[in-house]
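For reference, the structure I am asking about is given below.
Going by the order they are written in, the chains are A, B, C, D, E and F; count residues from 1 in each one.
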């Protein structure tokens, strides 16, 4: 326990978390500090490209593990399954309509790539290796949750026929394509390719992540200010219990398929994190009547900060206890 | 004297100054070269974050000097006081209305963080150390000058009641928050935090500064072209004499409170430089009748290039002569 | 021959080319992946600044070759002359109107700086040196081709008097000014200046180039999708034969004036590549009736990918065979 | 100078819907439209700004100049897309140069 | 299709005033507005462009669709903010779909 | 509140022509205009978007409020620039506060 607290303490004192806290504080204090949309998007493209490339290069270096397919399969099952759990919990813990509950559930089945990136960076700091193909698992988990949510809605007739073109949009959304594409490039060019561009994608990575999290803090803070009264106590509790539940299931599956400690941590993080880019856009098209303030505030204002500050160190500690480190 | 000239010569031949000159020349020649607004803002966020963080990390490394409070206090006094001097000089040297003179005065009490950053980089080039907390002094000097200017205007009834909310806006403006925030982060995470992200905020710093100054040159040049006939000879003379006067006072105060040579240089630079971001925005709200072409052309078109090219080497030479180096 | 294939194979497996391919594939599959306009422009400014600066610094290091003037002269002759060849080929191979043919011809006389940058990076990978002043040759080749095209049109009266101001716009267009300006800065500050900012303009260069080519791939792919039926077989053949013809002439001229192997490669690449930024903008002003879909699709959709993938390794092989390496 | 009467329709809609709206307009026979970025705004669903925005989807403004007789077809098409979403549709009278353009 | 008469107000104002203007509009009972970025322009205070701009403050355009009877309240509110500043206010007639939206 | 009748002209034109258009407007006696960025659009020359754009030139929208009696001079001037280019010009009626501003 005291070890977990020490871990959490060390995590809270990292420049990454402090940058997020700075952004959050600035937004809550109504400072006009802001990062231009184009720059924030540029940074997210950089982070996706770098994390994908590094994952691919690491696979090229260590060879393809027999567990790759199992890990991707586990990810897909989690992404399909977690929304059902989330939906059930929401119906019990909150007064949200079925539509709102389904929309929220879709977010929690999908993933937050920034949480994943932050976890990678914590693992690196502790010199814990992880399977390079976990980025492929991340990509595989982005979309299935949306289908589960649509099925939840369709079941009781409140939904409609799926919008034409939506499926293609979801599967080919920019972050999936970039993550998978740079993963493949990294795999093809291998360590040699990584060496060529490592002073771009490796060395400055953590610094860019700081600035990006500064922006995430600003955005989360502004979101919280604009939607202060949207969430009741039950919803906030859900925003913290759901990642814990997801991480536990991720832990079990990671152990069963035999991932390394680092790999288990990353699967826990993927299961615990909630989407705030791809899924919200899909929800605006597929379930426009669902209230965006609810799902964005929960995902970005409650679960994201929880995972970033307390969740990740906790998952690292649990995985280390279970798998050994 | 010949030493000062040699210093100035070396300074003029640095990539930083030449990039500024390139931008200026391109704008005056009416080239369509331009840096997108979002990218320029992104670079300024990078520079503020890096300079604040490095200052904080340096304080963490060297411990808090007893002079910190005195330095911040000196900065605040300078920021409150310099506008009075500037106002008096303007009323004598130019035909500006009291309103325009007060608005200009606010700019010269406040600071230009880019001039500060450029001076830091010159000091580094000469291996002259400076107190890390000088960035805190810079942040403290941004706002008080605005109050002095408003007081100058209110005195003779040409002003009005202070706009509600303006005070909060000024104190929580983005650059102050980012500078102070990253300073605190640097102080908390210390040398260890700096090591983690130094390949982002230390190594590429000077190169980013070059591109940023290229943009400043473009902006200053376009400003000069659009407002060619706004400034008379007296105003231009003010734009050069005022920084010299400010720097002299800064020199005296720096020596009195016992700053190192580098610290004295930076205090001189802060006193000598004029704001061109925070104060103009505040003036548009507080003194909208004042002519922006006047204060922007003076600050950005006259004083900024003067400090960058001749001022900084001069201040370094004077501080070295006085304090020893 | 098998050596050329090996070279091409190695080239195709580089992260740079694969990033371009990823962009192309994403656009053709109608993914919504996109890089913000401001970020793409920021990256192009970075690349121009870096390539110009490095060229200048290299000239400062190696001294000015007697061949500099000859090389610039050769570039200007190529830029004036190649449009005439292109125009003749187009009139034979395609059914384009004289106006469209002239507009296309202007693009092929001018240059693509990104192709040049990619070639530089391939040469570096093979440790083949090239004259630093080749960036000055690149700058000199941007504009003359436009005049040739206007002359082609004026000859048969379909054109009009040259738009006032157009000449200045072309000569002072942003990329020429930035390229020449940073070349001069590099020359003035020399190796010392380069050392100061090399962790900004040298180390991350290749990585930025990857992301930039990702964007080029996206743009080229979207262009191809929107203008699928604009080009017949003859036009596509032109888009591949013209660079080969240009490169051959560039090879001959490079050998005659005595450039090094690397220099010859770069002159071939300049002759072979087609503009897709400066010339299109000039054409919209000077020959607005010419169809932009034709010249953009040819230049960006056919010739650019050809040069990037097959052209550059071919030119390297030919130059090495002819000059020796 | 010769002008032609037209209707100017201005639609503010969520960005993820932009493609669906312009497809619907094209199907309804609209031959031209212009899309303008939106920095922020406020409506029944509350205020938002592009830079302090959760989810970063945002909105866009689509402007459409059409022959008056096409108005109804356009409004039907636009409404089918906008109906369930946040956004606003307004119409005003205008004159247009060059009839071949719209 | 059912439409409702409305007034469309378009205000170009300096960016540092944006928050004050939208606050004033909200106080005057305006239920919706849209803010569009401005690249540049020219007026009595001379020409400017966003990219070659000193001070980098710039301007924005605020567009507001309101019920005709609210026009006067809105103009009073807007004028109080715009009065001492550079900028321009224009009004035109419009029709709006979905009355519940404004 | 005192208002003045005006004409509102909206011109969508290719970015490389922006300077030529605003110069022509200024020569025709126009005292103010506002330039708004354009994200994309469609017309006779096909659809385009700013981010997926070949050549990266793009378009801009120039908005101009003028005294009605100046309309013809402005249209002549605008048309001379727009004539050979892609783009569209529309005119509508408006009211303006503060006559000194236009």
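The rule is simple: a residue touches a chain if its C-beta (ideal position, glycine included) is under 8 Å from a C-beta of that chain, and two chains touch if they have at least 3 such contacts.
Not measured: the values here are computed from a predicted model.
Peer 1: Can you check whether chain B and chain C touch via the same residue numbers (shared by over half) or via different ones?
Peer 2: At the contact between chain B and chain C, which are copies of one sequence, the residues are largely different (under half shared).
Peer 1: Taking each chain's centre as the mean of its C-alpha atoms, which one ends up farthest from the centre of chain A?
Peer 2: Farthest by centroid: F.
Peer 1: Decide which interface, D-F or A-C, involves more C-beta pairs in contact, and give its chain pair.
Peer 2: Top pair by contacting C-beta pairs is A-C.
Peer 1: Quick one: point me to the chain whose Cα centre is farthest from that of chain D.
Peer 2: B
Peer 1: Quick check: how many Å separate the C-alpha centres of chain A and chain E?
Peer 2: Roughly 39 Å separates the two chain centres.
Peer 1: Please tell me the distance, in whole Å, between the geometric centres of chain C and chain F computed from their C-alpha atoms.
Peer 2: Whole-Å distance between the two chain centres: 34.
Peer 1: Residues of chain D that touch two or more other chains: which are they?
Peer 2: Touching at least two other chains: 36-37, 47, 49, 92-93.
Peer 1: Enumerate the residues of chain B that touch no fewer than two other chains.
Peer 2: 34-39, 41-42, 199, 203-204, in rising order.
Peer 1: Mind giving me all the chain pairs that touch?
Peer 2: Every touching chain pair, ordered by label, is A-B, A-C, A-D, B-C, B-E, C-F, D-E, D-F, E-F.
Peer 1: Help me check something: in the complex, which residues belonging to chain C touch chain B?
Peer 2: Going through chain C, the ones touching chain B are 36-39, 41-42, 45-46, 49, 53, 168-169, 172-174, 177-178, 181-182, 184-185, 188-189, 193, 196-197, 199-201, 203-204.
Peer 1: Applying the document's contact rule, which stretches of chain B touch chain C when the two form their complex?
Peer 2: 13-15, 18-19, 22, 25-26, 29-39, 42, 125, 199, 203-208, 210-211, 214
Peer 1: Given the complex with chain A, which residues does chain D contribute to the contact?
Peer 2: That would be residues 14, 16-17, 20, 45-57, 84-86 of chain D.
Peer 1: Note which residues of chain D are touching chain F in the complex, please.
Peer 2: Chain D reaches chain F through residues 1, 3, 6, 8, 22, 26, 31-37, 60, 65, 92-98, 100-102.
Peer 1: Where on chain B is chain E touching in the complex?
Peer 2: Checking each residue of chain B against chain E gives 27, 34-37, 40-41, 163, 165, 218-220, 222-223, 226-227, 276-277, 280-282, 284-285, 288-289, 292-293, 296-297, 300-301.
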